[in-house]
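Next up, some structures in structure tokens.
What follows is a pair of complexes built around chain A, which joins chain B in one and chain C in the other.
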Partner chain A sequence: MCAYAIGSNLAYIYLRGEFSEPGKELEKALADAYANGLLGTNLMGTGYSLDIRVHYGAGAYICGEESALLESLEGRIGQPRLKPPFPATNGLYNKPTVINNVETLANVPWIVLNGAAWYRQFGTEKSSGVKLFSVSGHVKNPGNYELPLGKYSIQDLLDMAGGSSTGRPIRAVLPAGSSSPIIPAVNFGAKLDYESMAGIGSVLGSCSFIFMDDSVDMVWAARKMIRFFKHESCGKCTPCREGTYWALKLYNKLLSGEGTLADIDMIGEVNKQIIGKCFCPLGEFATSSMTFTLKHFKQDYIDFIEKKKGGTPEYKAELARDTHGHHAQAAH
Partner chain B sequence: MLRTNRAADIEKVLAKYPTKRSAVMPLLNLAQEEYGYCSPEAIREVAAICDLDPTEVKSVVGFYTMYYEEKVGTTVIDVCDDLPCALRGADGFIAHCERKLGIKAGETTANGKITLHSVMCVAACNRAPVAQVNGAYRYDLTPETFDQMVDELQK
Partner chain C sequence: MADLINLTIDGVPVGVPKGTLIVDAAKRIGNDIPVFCYHPKLKPVGMCRMCLVEIGTPKVDPATKQIVKDDKGNVVIAWQPKLNTGCTTPVSEGMAVRTKTPVVIEAREDVLEFLLTSHPLDCPICDKGGECPLQNLTLAHGPGVSRFDYADKQHNDKHVPLGELIFLDRERCIQCSRCVRFQDEIADDHVLQFHDRGRGMEIVTFSDPGFDSYFGGNTTDICPVGALTTADFRFKARPWELKSTPSVCGHCAVGCNTSLNTRTNTSTGTLDIKRVMPRQNEQVNEIWLCDKGRFVHHYTRAAERITRPLIRKDGKLQEATWESALQLISDKLNTVPGLRVAGVIGDRVANEDAWLFKRFLTEIVKTPYVAASPALPAAYADIARASGLGVDADFKQLGKGDVIVVVNGDLEEQAPVWFLRLRQAVVDRGAKLIVAHHRSTKMHRYAHVIARYQPGLAAQWVASNPAELQGLKDARNVVMVFGDDTLGPPNARALASGLAAVLREAGQAGKSNSGLLPLYPHGNTQGVYDVVGAGERAQTADVAWLVGVGDAADAPKAGFTIVSELLMTDLAKSADVVLPALSAAERDGTLTSGDRRVQRFYAALPALGEAKPDWWAAQEIAKRMGANWSFPDAAAVFADMAAHVGPYAGLSYAGLAKIEAQWPPVGRDDLYYGGTVYDNMGGVGARTSPGEGPSDAVAPAEPTMEALTRPQPALYRSGELTRLSDVIGKRLV
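Presenting the complex of A and B:
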């Protein structure tokens, strides 16, 4: 429908490379659609033709950024393009291109069938419709939950997922994965919609809720997140490439047991050199883990150093794995 | 030779795109299937098919984590130890994998059968500890189920 609306005869589904297994199901569904005349030429006698082809990524988080995705689809390394021009005018092969997330497109058939008013009965004035909530971490029933926006609170979502899986109280949640401002449990009354989440200083974003119980040390958690972004930084712009590199070095120092209180300030400094200075949102995302664990859980950092929590055999093993454990992505 | 062994697959890949360059990634997948990794020879062949300089193809190989620049084992086990998986025990689990295989993550067993990788996100946080074994998901892993799987593969 999206392709028809813009008069395009060619669409690509960009699937992450790790999805070779589910990709087979997708390709079978496309083959079925071709076999039943829903794809191909002269669809249902309308004279309109459409091809949908699947392109697999190969393990690069940045290719979720629309212009990096286009680069990847054109056979290049996945580094974002300067915008403007935007894909709507200069997209794939420099042609006008519409890019949507599959979750967005999945809403379209129901809206076309039932009308916009029907869709708007779900959600709030500013956050209409339904959203998929992907719940992970310390919950009994992790998985995907489809909910109307604005109706339920974070606590409701936690309850739907069966509550804490460890028997320990939940301490905090990341509402949009590692890129989002962490929310302490005291704010779990907030409703799941864009405006309420903004009201408690966070975001709804991808709705990938990672719940953490009170055993989680936020220094450890922040390091995991920085490690991810350092690994996934595409290397195009200096603040992101170097900033995540130096930030990880500082967190590694803390975990190894060699950190000092001055390193906390240094993390804040490095963070400041990334914020607002990056080419694309990935660098900005990387700073959330530092900014907001420091904002809400600074005592964890102080305790980590003063109570000498670093340098345990577990942390040492984790750090050793990082130095030679990764099929490393080279920065270009 | 990719061109002789996979001629039909190459044609299929090229037909998917209006430019040859777009075929680089799927062709590298074919090359990796054929050679086990993106060998210098494979890179030259893909470059020739796409009318590109081998250096450009090599940059693609280097950028994306799923292209192997060095030889790997017959079976590649990718274990995610990112934050959500770690909350469900992935750090302890991958440490067990290393002990069982007698190698560190990133290495291959001496008999060339198994490579262990620590990877960033395979989109299955809800079923962690999770691994992809030559791309196929293995969910809710335990040291016991891992040992069984490895014993099977080592036979």
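Presenting the complex of A and C:
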């Protein structure tokens, strides 16, 4: 419908390369659509034709960013483009292009069929409609939950997912993966809508909720996230490329047991030095793992030094894995 | 100007054309916003984040759509919540920019500290040290200390050959992409790219052979660090030890302005050319050079250079004094009738040499046989001049509405920097391109119209009134580039006259940005033909004097041959007297480019051995033969030439040294744009007027076998001078 609305005869589904299993399902669904005359030429006798192609990414987080996605689709290195111009005027192969998440587009048929007013009856004034919540982490029933916005709280979502899977209390949640501000359990009463999440200093974003029980050390968790961002930094701009590298070195020092309280301050400094200077949101995302673990769980950092939590065999093994294992090349 | 945009930068008002970027607007009022990835010749990318500034625009009341003013009637500025890049943001009316506030200063320190965390800080052994934007900007804007643990530094390969000419130091690269963008946007040789991501990101070449481009040397100039170095210059000298002398490249018709960087070799005590750098002249080469012009200089100190006069004795050339050589020549010339003397002047020699020889041969020796070499351009140089571009022609003005026609020429191979400039007129500024050739050239990539004809039939094609050349009447300007590939003299003349006729019929003749642009073989072809004219060629002579003649076919059969030369060429080896000439690096003089710009070059090196400028030898013999000449220097010879050779009337040697401010400023002391390009010292030269010329149509002739089987023009076509350069000699085809 989106393609029809803008008069396009070609659409791409850009799928993470790692999702090869779901990819098979997707391709089968598309094949069915072709077989039933819903894709291809002259759809249902309207004279309108549409092809949908599936493109598998090569494993880069940044290629979810719309303009880097376009670069990748065009066969170039996955780095975001300078905006403006925006994809709506200069997109794929410099042609006007609409880019949306599948979830967004999945709402369209229902809105077209039932009208906007019907759709608006779900959710709140400012956050209308429904949203898919992808729940993982220390919960009994991880999976996707479709909920109207603004009706349920974070705690409700946790309860729907069966509560803690380890029996230990849940300590915090990342509401939109590692790029989002972490939410301590005291704030789980907040409703699942844009305004309420903003009210507790976080975001709704992709709604991929990762719940963590109280066994999770936030220094370890933050390092994990920084390592991810350092690995995923496309390298285009200085603060993200250099800042995530430096920050990871500091976290590694903490994990290896050689950290000092000064290193914690240095993490804060490096973090501050990245914020607001990046070319694209990925670099800014990287800072939330530092900003918000430091904000809500500073004691974890202090304990890490004072109670000498670093340098355990587990941490050493983890550090060794990173420098010699699969990600070695990116870690040099 | 009508559509100037007005803004304030740190409270200072400035008006700039629409579309100007904040960093350029700031530069106009002397405010150097530091940049690394931005370069005024390349499209902005906003990668390095060095140019972050505070940007605000007049606050607009959403209800009334009126600009909000405070109590005092001042416009209220709505500041953007975050810093933004001045290199990617175009100015807008009423904009306010802050470049010196604490947040901006801190951001610069932050970005610099980040950049330095992955930098090896090996300035003491870095070729860029002393002219490095990273060094300069660190001193100006960096934090005093780094808090990064040195042990955490990532170490990368330091000597990665990207091709045989350019080396990459991966540690020093700050990932600014200037090199990639130069290759993509300016040279259109897509041979560089980033590989991997994050800190692993590195410059790679994916062409085979590596870094396959005629323009790669330019990337080492604009690289803001010492990551890219040339095989020629790396580890040869420190920039601050170098003396720079303005010069002009004489290896094709473009006449790129250069700067010869010299330094004393401490072991031999001699002054050596360490590198040839572009000298900014926005009218000629902007800030670019082709690799030939940059790397060919080694012939100036080649072992093959002739350092003393040679006289044939007992069948062998033997060293002699100037006195004996001059005496021998004047005795010889005194004994033969003038009509039995022939002079040939090659198109690499300076105007002063060509002029004094011509004057000597016609006035003193009194021979009509004075000709230029090679013979082919003589067939059309008069037409090329008279129907050439106007005096005020400016490549930068060519764009939408203009038509560029390239007939029978291969711009990239024959005039590389014109290729860059005309390509940009088409690709970036919308000029229409018509290309006609019997084979494909790189320029075909951008052509809107392509015509083909059989080899050797270029003039016939033009004479056939082809469809592709219709409609030129409506063009704003028409530039016609042409070459003599596969053409003999009659057809080369027919082509030039045919194109000139097309220009006239389309009403384009005489416009300042319209005219012919000839792809001459060397750097002073136009100048030598201006002086020598059509000339008369002798088949045989009693005495022949060859001045810088490369092609043996241009030498008359003579009983006694004098050769004035730089190198021991085949012609020199078979001569009776050989006179050592000075290269353009060792003397001063002028050259006239293919678009008739007369430009001065200056002595950078002392004379080699006893070599002398050719004009000096002509004068010495003239004096021995009774002339009371006393030209003390090239300036005096130039003045004499200007007084006698029509198109040069009114030019003065001193006037050619006039300097004009260049925009954008890319000089070496500039913290803002970086690049090791040299300021225009030594003068921008002056274009001579087209003057009067023939306008008779010349009918095309049958193609000849000699012309059809001539090697096709190529930048690295076997050439004596190129062969003597270790770095590019290998590229000869």
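We adopt the following convention: the second predicted complex is superposed on the first by the 326 of 332 C-alpha atoms of A that agree within 3 Å, B and C clash if a C-alpha of one lies under 4 Å from a C-alpha of the other, contacts with A are read in each partner's own complex, and residues count from 1 in each chain.
Note that a contact is a pair of C-beta atoms (placed from the backbone, for glycine too) under 8 Å apart; a residue touches a chain by one contact, two chains touch by 3 or more.
Here the structure is a predicted model, which means the values were calculated and not measured.
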Item to check | Comparison of chain B and chain C by chain A residues contacted | outcome: B
Item to check | First, second, both or neither for A:K151, with chain B first and chain C second | outcome: neither
Checklist entry - Does the superposition put A:M266 against chain B (first), chain C (second), both, or neither? => result second
Checklist entry - Given the touch rule stated above, what does A:A60 touch, chain B (first), chain C (second), both, or neither? => result both
Checklist entry - Touch check for A:G17: first (chain B), second (chain C), both, or neither? => result first
Next on the checklist: Per the contact definition in the header, classify A:K316: touching chain B only (first), chain C only (second), both, or neither.
Outcome noted: neither
Next on the checklist: I'd like to know which partner A:S136 touches here: chain B for first, chain C for second, both or neither.
Outcome noted: first
Checklist entry - Between chain B (first) and chain C (second), which, if any, makes contact with A:K236: first, second, both or neither? => result second
Checklist entry - After superposition on the shared chain, which partner residues are touched by A:A221: those of chain B (first), chain C (second), both, or neither? => result first
Item to check | Set intersection of chain A contacts, chain C complex versus chain B complex | outcome: 60, 77-78, 231-232, 234, 329-330, 332
Next on the checklist: Can you tell me which positions in chain C touch chain A when the two form their complex?
Outcome noted: 44-50, 52, 82-83, 88, 107, 110-111, 113-115, 117-118, 147-149, 152, 154, 174-175, 193-201
Checklist entry - Of all residues in chain A, which touch chain C in the complex? => result 60, 62, 77-79, 82, 230-239, 241-246, 249, 266, 269, 273, 276-279, 329-330, 332
Item to check | Residues of chain B touching chain A in the complex | outcome: 16, 18-19, 21-26, 28-29, 50, 52, 59-60, 62-68, 81-84, 86-88, 91-92, 94-95, 98, 104-107, 117-123, 125-128, 132, 135-137
Checklist entry - How about chain A: which of its residues touch chain B in the complex? => result 16-21, 53, 55-61, 72-78, 93, 134-138, 142-144, 178, 210, 212, 216, 221, 224-225, 228, 231-232, 234, 314, 317-318, 320-322, 324-330, 332
